[in-house]
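Input: structures, listed below.
Look for chain A in each of the two complexes below; its partner is chain B in the first and chain C in the second.
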Partner chain A sequence: MKSISSRLRPHVGRRRLRALASNQSAILVGVLIVLIGVFSALEPKFFSVATAGNILTDWGSVVLIAVGMTYVIISGGIDLSVGAVVGLSSVTAAWTMATVLGVGQDVQGSAAYGTMLVGAVVSVSVGALVGLINAFLINKLHIAPFIATLATMGACLGFSVIISTGMPIGSANDFSLIAPIDSSYVPFSWAVVAVIMVVTILGFFLHKARFGLYTYAVGSNAFATRVAGINVERQRTKVYVLSGALAGLAGMYVYIRLGAGSPSSGNGRELDAIAAAVIGGVALSGGVGTILGTVLGTLILFTVQSGLIMVGLAPDWKKVVVAVLIAAAVGAQSLRRGGGSQP
Partner chain B sequence: MKRSFKLFAVAGAAAILALTTGCSSTDNSETAETSAAESEATVEGDPISIAFLMGAEADPFFQAMKVGAEEEAAALGVELIWQGDPAQYSPETQIPIVDAVLALNPTGLVLIPTDPKALQASVDKAVAAGIIVVNVDTRVDDLSNVLTFITGDNQDGGAKAADALAGKIGYAEGQSYQVVVGSSSPTATTNQARLEGFTNRIAEMYPGIEIVDVAYSESNPEKASTNVNNWLTKYPDLSGIFAIDGTNASGASAAIEAKGLKDKIALVGYDAYPDNVAKIKSGLITALIAQDPAAEARLAIQAIVNKVKDGVDPESREVVIPNVILDSSTSDADLKTYTYVAN
Partner chain C sequence: MTDGVLYEVRNVTKSYGQVRALEDASIMLRAGEVVGLVGDNGAGKSTLIKVLSGVHRPDSGEILLDGQQRSWNSPREALDAGIETLYQDSSLAPHLTVSQNVFLGRELTVPGFLGRMGFLNSKKMDEEAREDLERVGILIPPSGRTVTQLSGGQRQAVAVGRAVAWARTVILLDEPTNHLGARQSIDVLNVIAAAREQGLAVMLISHTLPYVLQVCDRIVVMRLGRVVADAPRSSFDADSLIGTITGSINSSPANEA
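Up next, the complex of A and B:
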């Protein structure tokens, strides 16, 4: 039952298949389809608009920090502080709205927008500031990114508990921003639409603009980049500030989702972001990776999470499945790079 | 230029050196004076110092406990030494802190042991040094040398949650209902005890209620919200949710609010975070099981003071403080009393 073209030109067909197999994004889409198929077979309710909505709601916060992480890893670094920044920025935004502006939880719907805008500015600024501190530690004090961002992670966790005394702070919110636009047909919310726009712009910046080119250059060969006359330190600073600001934006997203800023709302998210980027084909050695890969990697992560809850498997299995996916993704990369000769 | 800079640096260093040595010598003499004064006073038998060693400063539960401890200590003229790890609830971090505090030789020690076995040696050491020991919230295995053990009752809290949930659902014999439990950790003893109390009560009193799933959020409210989103998709006829702690109550209530199911799902939570108490009023949370950490702290300090001043042993070696149910029928004054506060 072969199609005519493939019967006539079998070699071309095979070559196309091979090209497809070496395309990371195509593989990821394939994995996603298999996952959806398996989960739908095990639990028919999984194949629904509502589930898509649930997955996209989870995707929205983590894809923001995963995209920031993608920039940082491509530039040859790592940013462990982003999870803690989500908590700190959401708490600081909530504290500003509730304590400084004195707006309570009773302000809901469109009346909340003014207050929430202030919260968003605070949230993103806090994130950018932490990014600036990370860049300072790495550029000026020459601390390895892993250690520098581990230190700021601890400081952010501490500050978020100090500001909130460990409790969530509620203030003005519009929950309809996080609810699906139409519960029968359109599974995503306006908040997710905003995230998609931000991610698209950042994809353009990485792949089509000079900013992206410099980021790849710094991560591929910092020395050669410096010789070529590019200010490596300045580029690094921009990348860490971007990562911090995106974590701040994720903090505001989580605030909208919960209607409150909570110090523990970013717990463990840095590892989710790294996992998503790696599954998406970003190489920890720097210089390699795409935004599309990370977007799909994050989607796979939360499809697995939703699927396991829907099927009724203990969430501990998520860790196992994600571990297998990471091993498969990294294994596939090194095989493609040349027979897996690298240890 | 260079030489003058060096000169400045040397002069500056010398000045700093002089200042620090000067300071430290005054410090020394001061300490000597105070310790002399203290020992004199102890001979007179007057000032009592109580070391209060809690689990983790970041936990709102201990923040509320601190308020009670400080009030009671001030009222009774007792010196309070409040100590504990800022964020980690673990014996590894607690034992060194206990050792350090025992070196101050306080009159009494109020200990929240983070492990019943690991902290036993510290309690024995304190008792051997003539320090009066009280356990609060959790206990060491051997209570024979402990003046009294004051605790909340997590099993009872779980049972009360079952009653509140059944009441809100409008439980009737012969009908069947589905409920789920949002927990933080499968290993935390408080979570286990609450779940056990809840499950037993349901089995005993409400055979028509089926607990269809239990999922864990790792104390992250966003993950708690994810769990609830997926449950609401999988179980369209879900009647109620038991959120086993404060972060789960935050995440669950946000998910219900975003999905517009406020009047369809009964939500019973735990812990009186101010933000969640406000949601009782708006009808989003049916009831909260509140503990009374401040009362636990007050009783502990009273017990030590009575023992030291009058040689009176407490009436009971084990005091269980009942949980309080906060719901729409609770008076504003009571809501205010039981809401966890921090300073």
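Up next, the complex of A and C:
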């Protein structure tokens, strides 16, 4: 009894929690550095601008939906539809550009920007619309988020094949947007720079603004939030629309990368996003998580993927390593809470 | 006798499906008066408090604030009318800090464009939350800590302090001494007495009958969704109060309040 009560003494708990909470990102950075060190030791070519460029390019498409997922999970929900939305929005954008505007793949470079802007608006709108449908199913029909977004995921997968007849749709593009700004020194592409800006702004909104505060509040205690006079349903709607819109933006990113809208381009990405968020310290029970954690979690995910390929291991090993990382992250979280789900 | 009546409900009925939680219940609160609401589990106390705070709409009956008929569409409307509520065990968001909880729904934003975008003035909220809680006599830990890092007693103190600090007309407290030790409970009773001195109408729900007998001016007893007694504290002693709650005393004190 004595040890339990002393463990629960608030000032001791606070110090320990503070130390670990402030170390959360430091731990992730440490993991990342160790991974880079190990892969570089095994394969010296790993430590290069080219590899960093590849990792960042992969990172760019998934971090957008991982940030949306972070908002959704903090609010106490889950969004399984985002991977399918990436495919549907990229296909719909490409179809609009190719069929409605009648612009072909021969339009490249800066001449493509007007057409691509239309594509981006369509892509983000499709994603936001799916988010709105998710919110309707959850708020009005009281369907559990897991089931509601599983249903829209299926519908989006179906529609993207119907629209594209299963084939990629090509149209106007500028591949230089997704290439490193300087292949010798700068691994960032302009597309990745844009993603970093979006993620940074959303980080400030989550951690410094009312929008983020209400997101945490809804996931922490929806009843207390409601009786504080906050419209909980409206906040949930905003969060799912944000998640959908970000998946739409990821759809446009994937379009630029492939030069075409492909119905399968986002398949399984929702699981990458959930894995990245969880590795980054987002708790599926709601109310906990940071954008920085998710950003680092996504980087770790793709560093592992890229590194394993470069050292010559079969890509299937990625799944095993990611599983270990998730188990380690969640295990650390429940140890931090002092015993996890035990009463 | 309606003098000084600030807030009342008349003949309210509320059912959850087949279960009738409130049956023709009426209660009035006066400015500068503490009313104790007692009754066994399932007597309808929590449902009544949720009707008074705008969480539930009654199936029938009237709500009057300052003699004006009102109908709350959301808790926001009752809050805007100065009615604050402490809900049993559920008034705080545990992952938010103390000051974020104190200001939840009423955040202070920074000036200018960023403020219109909803960016928060956390420093000012921390300072004011500390001042507000101290003003109502709640000693609080540093505001930067999240509620999960507080003890049960500290959480309850923050929840009580938050309700009292914001209340302008009416304060409804559902089991405010839960999780509190004897000394902290006395602190809360002192906070309640201070709220009465400021002219607030106070309603206290508690199973701790000695506290009810100590601090309340008037006691309302509910049983099976009905108000079965409404009388000055002097009409009750510990035995008659328990008897009225359990129903072993059916001849309740006259409703002379």
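Keep in mind that, in the parts below, the second predicted complex is superposed on the first by the 317 of 343 C-alpha atoms of A that agree within 3 Å, B and C clash if a C-alpha of one lies under 4 Å from a C-alpha of the other, contacts with A are read in each partner's own complex, and residues count from 1 in each chain.
Just so we're on the same page, a residue touches a chain if its C-beta (ideal position, glycine included) is under 8 Å from a C-beta of that chain, and two chains touch if they have at least 3 such contacts.
If you're wondering where the values come from, they're calculated on a predicted model, not measured in any experiment.
Contacts of A:Asn54 after superposition on the shared chain: chain B is touched, whereas chain C is not. Taking chain B and chain C in turn and counting the residues of chain A each one touches, the greater count comes from B. Once chain A of one complex is fitted onto chain A of the other, the partner contacts of A:Tyr185 are absent, as it touches neither chain B nor chain C. Of the two partner chains placed by superposition, only chain C is touched by A:Gly287; chain B is not.
Contacts from chain A toward chain B in the complex involve residues 43, 45, 48, 50-51, 53-54, 57-58, 61, 105, 157-158, 161, 165-170, 175, 178-179, 254, 257-260, 262-268, 305-306, 309-310, 312, 315. Those residues of chain B that touch chain A in the complex are listed here as 57-60, 63, 86-87, 213, 215-216, 218-223, 225-227, 229-234, 246-247, 250-251, 254, 257-260, 273-276, 278-279, 282, 340, 342. Residues of chain A that touch chain C in their complex: 8, 10, 13-14, 17, 204-205, 208-211, 213, 216-217, 219-221, 223-231, 287-288. Within the complex formed with chain A, the chain C residues making contact are 53, 55, 74-76, 79-80, 85, 87, 90-96, 100, 104-107, 109, 117-120, 122, 141, 145, 149-151, 154.
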